[in-house]
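See the structures that follow.
You will see two complexes here that share chain A, one where it goes with chain B and one where it goes with chain C.
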Partner chain A sequence: MFRKKRVRRRSVKGYETTEKTIGEVFEKAKKSSDFTTVTPLEKYPSLVISFYETLIDSKVFFQSVLPSLKEKASELKELSALKNIIPIEKIKITTDHTEVEKGLYDGAIVIYFEDKKEEYALLNIADHRLGQRETNDTQNEFSVIGPKVGFIEDLSTNLHLIRDHLSTSDLIFEEVTVGSRERTKVVLAYLDGVTNPDYVNTAKQRLKELDIDVTTDNTQLEQLITDDSTTPFPLYITTERVDRVVNAIVTGQVVLISDKSSYAVIGPATLMDFFSNPEDFYLPSIIASFFKLIRIFGMLFSIFATSFYVAILTFHFEVIPKDLLGPIIFSRANVPFPPVIEVLFLEVTIDLLREAGARLPTKIGQTLGIVGGIVIGQATVEAALTSNILLIIVALAALSSFTTPIYKMSNAVRLLRYPFILFAAIWGGLGIYVGLLFLIAHLARLKSFGAPFFAPLYPYRRGGVAVSFIRPTLTKYNKRPWYLRPLSLKRYSPVKDKDPEEGLNSE
Partner chain B sequence: MNSIVKENKMVSSYFLFFLVHSTQTGVLFLQIQSTIIKGAGHDAWIPILLLGIMMHVLFLMMLYILKNSSTGDIISFHRDVFGKVFGGLLNLIMATYFSMVSLYVLYTYIDILQIWVFDGIPSWEFSLLFSVLIYYIVVGGFRVVTAIAYWGVVIPSFLLLSFLYLLDYVETSRLIPLFQYGVKDYLLSAKEAAPLYLGFENVLVFFPFIKNREKSTKWGHIALLYTTFIYTLVTLFAFIYFSQEKLEHLAWPVLTMIKMIQFPVLERFEFIFIFTWLLVVMPVICIYLWSAIRSIKLTIPKTKPTYLLVCLLVVFHFVNNQLTEIQYSHLMAKIVDYSGLIFLFGYVPFLFLIAVVRKKLKKGSKQIQTGEGKSQ
Partner chain C sequence: MKKRRKHHILFLVLICLICLFGCSRTRIIDKISIIHVFGFDQAENGELIGTALFPDYTMSKDGDQIQKLEEQAPTSILFVPKMSEYTSTPIELAKVRVLLLGRNFAEAGIQDMVRRLILNPQIGTHIQIAGSTHSAGETLTKFQKEKSLTLAERLQQNMQGQYLPYMTLHDFLNDFYGEGVDAYVPMVTIDEKDRVKIDGIGIFKGDKLKLHLNPDQTTLFSYIEDKRTQATYKMVLDDKNRGEIVTVRAFHSKSKWDWDQKKERINLRLQLQMTLTQYPDRFDLKKEQVVMEMKKLIEEKLEKDLGNLLGTLKENGVDPLGIGNIVRSKDRTWEKAAFYEQYPTLPISVNVDLKILHSGLEG
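Right, the complex of A and B next:
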């Protein structure tokens, strides 16, 4: 009882200092060196303008606000007259000090009379794009064909990209402010009349009740509102591709876009979504299906290949056919370690190379690839630390783990192999199956915005299983996935071709 | 049938198929073929088929019992009929039976592992590993148990394909002539084969967790049919693969059959088979254990299911670890078989009769009441 009360009081109080009066607001702001106060008019020294020069667009300020103010200064008796003087629409006159404070941080200039400190005019001339990159290619989710436009770290640009792509009145952007200190704007995008309102409400409720001071990226926000924060699996798709986001909105998913983040978060996601790529929709159906299967095979191979090696070489020699046994024994003859040490050595090496490659500048990274891939690999085999058959398997497994299109899922796949290797080292093939059961039991409890994560496979949903593994032709794939429970199922209805029976078709 | 289960814990109705089928297929399936031929010889597949059809009757009885209980499971039925104390006692006895079957299946699977794959690894290592796995599954609740049941049917289904490989080695003339034996022989085989079908008595406990209960019963029947089909098929296969004399001396006929299979990249397929069998065994263990815990939880208020689970697993571990001699194994098999048969063929019809009589009495009393009302 007592504890509950204490918690409640603290949450009301907040974690940062609050200013009581307008004087305190300015007093506090003046401590920062980028806070500027100017008196532009010699005739009326009482007219004061205050602003953070790091937040405003100085071009607008010096080229349109100041000149027009100086020109028509004689007409200025009241703050409300500012609207006639300054050629900018966004003028707001207020008496509330919290609004003034908020306006200052949003990039507004505050105009007031030194002798009349009740009214303040807020004039928003913020420069959101200052210091932001211009280029927005998709750098981390590459596709050979298809649009290459990606998001950047600016909310209004990102929203523009989506709205531009999907110009329909059904597309709704709902804004929620997150963070007690930073007040990041987060926008929920969904398609009205299609997306199940349960998802929207769940997402909104989680965002609104979230108590955090600062979020530095959307991916961090995703972890805060996730259904299960202890799983290695990403429960939401994070993407920087505009086409992927548009597709997700159209199929009835909710998209979260937040300010200062170039990644959009798509939910509810299902496991098999992570292995599809926007490019699948640009390639012919058969080719796309083939590559999707390759990706899924890659995921499975990457998880199980090395653990099978360990299990077979430690416990089940009998499984290997006689002809294959020769080369394996030959390659392992000089290796002094048990298979598990050998495998862990190489797997950790690959992960080291990968982590080093990810952190290094690109130019050094290339050298690293050569050093790691060729020198270390060749040398370990020659020094008889590992067998060269294992080297092939590990390299292939590493290669196939990179086929997963979503980076976060690719990481999860890479991590998963370690428990499997350990299980295989202790209990052989049985250990792998036990690991598989653990994995199934884990996947079955995961939820994404309250919807089952393992969805079209378990719980089984009709029509979802085939789509999880292949990409049907666009003329057949005209419905939204049923497991997302959209309000309207049909997306479009293809028309039969009306080619004339004779004419061009003659031979 | 009012239910006390919340909707976010329920599973769709088609899962009844997976739940029923996966609890029926266990370890016994791998060894039964050599024991049932003692009765009806090469005709012993007929009792299996007939028993399978009988199961539908028992299933209908169970559904009738469930329909006439206050919250749709046997736990409340016991309480309704026998009162709080005696009904509670019956629930606890039932829970003991459930946990014993669960333990027995685990015990036998560890036995198979030690005989066929790992002769060096002591039982406690397996037992510890499985205990952790079972804990993780059962603690997740009914939905996770259902997931295991689902995948425990889907993935091992591929093993059925392995019989195609063996088609080259069969001799169909071994089945002829049909109907050679007397009724007594068939009954003997049927008695041996009956424990095969144990498992779907769990329906009595988990049925409130199924959505659209009235419509879902068809999935139960389909599951029973499918089980019967697979049992008959594999038994037939064993009969045409081995000669009778050979079959008598085999402890694990199915595994011996599978041992034949070789692939260019895989020399001994039975390892894969035995390990995949873990997926068949695990649902049986988990569903029985879950049922046991639910029975205890609903009988004795304020018990924490998690503690209960841990206690049971400690007992399991102890038994698997200490009682490894073969006489314990035989004893356990006997206890489980007999108690299962009594439960299925004695107790369920008994409860069914009680349910029928109770309903009649209730109707009678209602009619009397309404009759009295009319006369007034």
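Right, the complex of A and C next:
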């Protein structure tokens, strides 16, 4: 169940159809209705422009490319002259047909002479933002204070957001193309001189050797390059918050950003990273630590609350205080099922509600909350299908699973309950500990870009444990976590204040 | 292939584990009868009578539907099977909170019951054990009529705030099996108005109840035995005048025993911190001299009363304070039989060192 499987990768690439000649490239493209070929100049009918209408910025095409072509048509004898005619930087003259094909898909127009089919001029006037959303508020990782800027489904915008935030020449963007059919651009972002090159190389190697036709999102890509594809735990942090990504880069982690995806992937990640939130750094350290502890408690409560309910009510009634016996037994008196069925019934109901709520449009979703929360909850108790007390416990457990900031981790936490409930139903308290052993053993085996996932708790790393549970004051939190092996450890060195001892207000 | 076989083995091991341990009988909370109080009595023919009280929570949330089961059996281990004949759900002893020993039973000896029932691992040791001046069955019937299961709370709160010395089954077993010390239990009684109340302690000699101390004696006993006791003690200075009463409430007490081997005598130094809750009006406690006078008065009175208490214990040959154990800790040549032979005549001098914390405020 918890065994590790290595994903085998083939070295042979290429299921895509490869065009042999330039003629075939154009012939194939002409099958699509959005591929257009025009001859703009009557005097030179041999001058042809070909492009995909759906990819280019038509404004640029009609307002600057065509007018300047027509104005200075007389100067156009060779393709190299285009650079003087058209006021666009990205002009490239090539003879390679694969480059032409790639250029077409990237949103370039191809200019060439019908009678001289050796040379092609590629003018990149792609419109990246066409069809993209305008707003980039964080949708799923909300914070009350702090910036609310999130990524959108456009690579260049996302890169702009990061570069704008972190304007240093140490910030390196390395581009890798992934997908034999789609050719998605994936950018590896890291801080030169800080990030351990091993992580960068591992990530690059995995991406380069990845054989996949189409990846629809970065979160899918993350699963393809993950260290263990059978675990329910996410091994990398997926985030849409710019500040989180910037912070990760500065601490020496590698960030993957891919085109058409609004999520960035951060690795190597450790388990406790998933319970911290950018907002922790905007709040005072005591308050942030308290909320971080609350989140960790919420995770534990969410996993274990219902399984302990099952174990105690089925096997260990001794541990219930005397005054609680009455309410628990009384509320369960009319329930015909054993505790485990009762619990599974409610847990599945809650997950059904959550799943339905996630798929429904927002406006209907609100009604669902009322129907699910109040009507179903009350009705099941009235109908003696579950007990009142269980309803409270399950609702609290569901609530506390939502406190985990990273959605993928909160899903993993939600799933983990079910094996624990079953263990508790079979072996009671012993079963929970057996399950816990399996869980800890599994966590200890996980790796993220080759770095231990459960660090600094296991393998124990000095100085990292406290930071995993609380957020120290910023004056003390001036070093990168050394167990992630950054090349430089110190981030900043705080200086002592130079205030007079009795304070500035003394008379 | 090898990996697959490994998986198979893991899977088989899991199946075996589930089958082996997973078949333990479930005890679902609303499908059991949870006994709260268990009483023991001696029957006429020498058999035991067990009385159990358990609430039926499925009928009422507050537990006021109390069922009583009374069963006679030759040995205590047979109570549960016999009682089960009357109940629809299995009887579980694991949540017993008070064990009540009827007077006749306690005087006849409890060795068998302790060995067979109390040492049962199902029963915790952080529970109360108490004796009853009437039969346990009678006392428990009163509780059933009262519709309350508060015997444990009644004992606990008297141990925390009043004169009972602190005692749980754990301490009881320690004393019961300990060398040079006798066990004691708090006693309950039924008063004239048919209510159950706490009434001093009962002291065992061996496994038989020997001596019953009244509340006043128990208060003095607590001063020596329990260092956190808050017992109130009343001293009458003049029998004729009602105003001549001094009451003190303990706050902290510390007893130090010294064994003088040459003279074969024991010194008890008792350091008490107390509150003076009531005193006759003729004392003006604003003056330091009067306070010293008062202190001396109380010390003398306490010393006298404590001496009487120790005398009573020695007379009956019981040693709930563990004097034998104290001597044993200081004397290598201690022998149980020899010590208890001379125990009734053992000279014990009591020296009370009183500190009055404040006066008058607490009522």
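Definition applied: the second predicted complex is superposed on the first by the 489 of 507 C-alpha atoms of A that agree within 3 Å, B and C clash if a C-alpha of one lies under 4 Å from a C-alpha of the other, contacts with A are read in each partner's own complex, and residues count from 1 in each chain.
By definition in this document, a residue touches a chain if its C-beta (ideal position, glycine included) is under 8 Å from a C-beta of that chain, and two chains touch if they have at least 3 such contacts.
What you see is a predicted model; the values in this text were computed from it and never measured.
Of the two partner chains, chain B (first) and chain C (second), which one does A:I440 touch, if any: first, second, both, or neither?
first
Once the structures are superposed on A, label A:F315 by its partner contacts, choosing first (chain B), second (chain C), both or neither.
After superposition on chain A, A:F315 lies in contact with both partners, chain B and chain C.
If we overlay the two complexes on their shared chain A, which of chain B and chain C does A:M272 touch? Say first, second, both or neither.
So A:M272 meets neither chain B nor chain C here.
Once the structures are superposed on A, label A:L430 by its partner contacts, choosing first (chain B), second (chain C), both or neither.
both
Could you tell me if A:R332 is touching chain B, chain C, both of them or neither one (first, second, both, neither)?
Second partner only.
Please write out, lowest number first, the residues of chain A touched by both chain B and chain C across the two complexes.
315, 318, 320, 322, 426-428, 430
Using the touch rule from the top, collect the residues of chain A that touch chain B in their complex.
315-316, 318-322, 324, 426-434, 436-438, 440-445, 454, 458-460
Which part of chain A faces chain C closely enough to touch in the complex?
Residues 1, 3, 312-315, 317-318, 320, 322, 325-330, 332-333, 335, 338-339, 426-428, 430 of chain A touch chain C in their complex.
With touch defined as at the start, can you tell me which chain C residues reach chain A in the complex?
Listed in rising order, the residues of chain C that touch chain A are 6-7, 10, 18, 21-22, 24, 26-30, 32, 34, 36, 55, 57-63, 92, 94-95, 97, 124, 149, 152.
Name, in rising order, each residue of chain B that touches chain A in their complex.
11-12, 14-15, 113, 117-118, 121, 125-126, 129-130, 133, 136-137, 140, 143-144, 147-148, 150-151, 262-268, 271-272, 275-276, 278-279, 282
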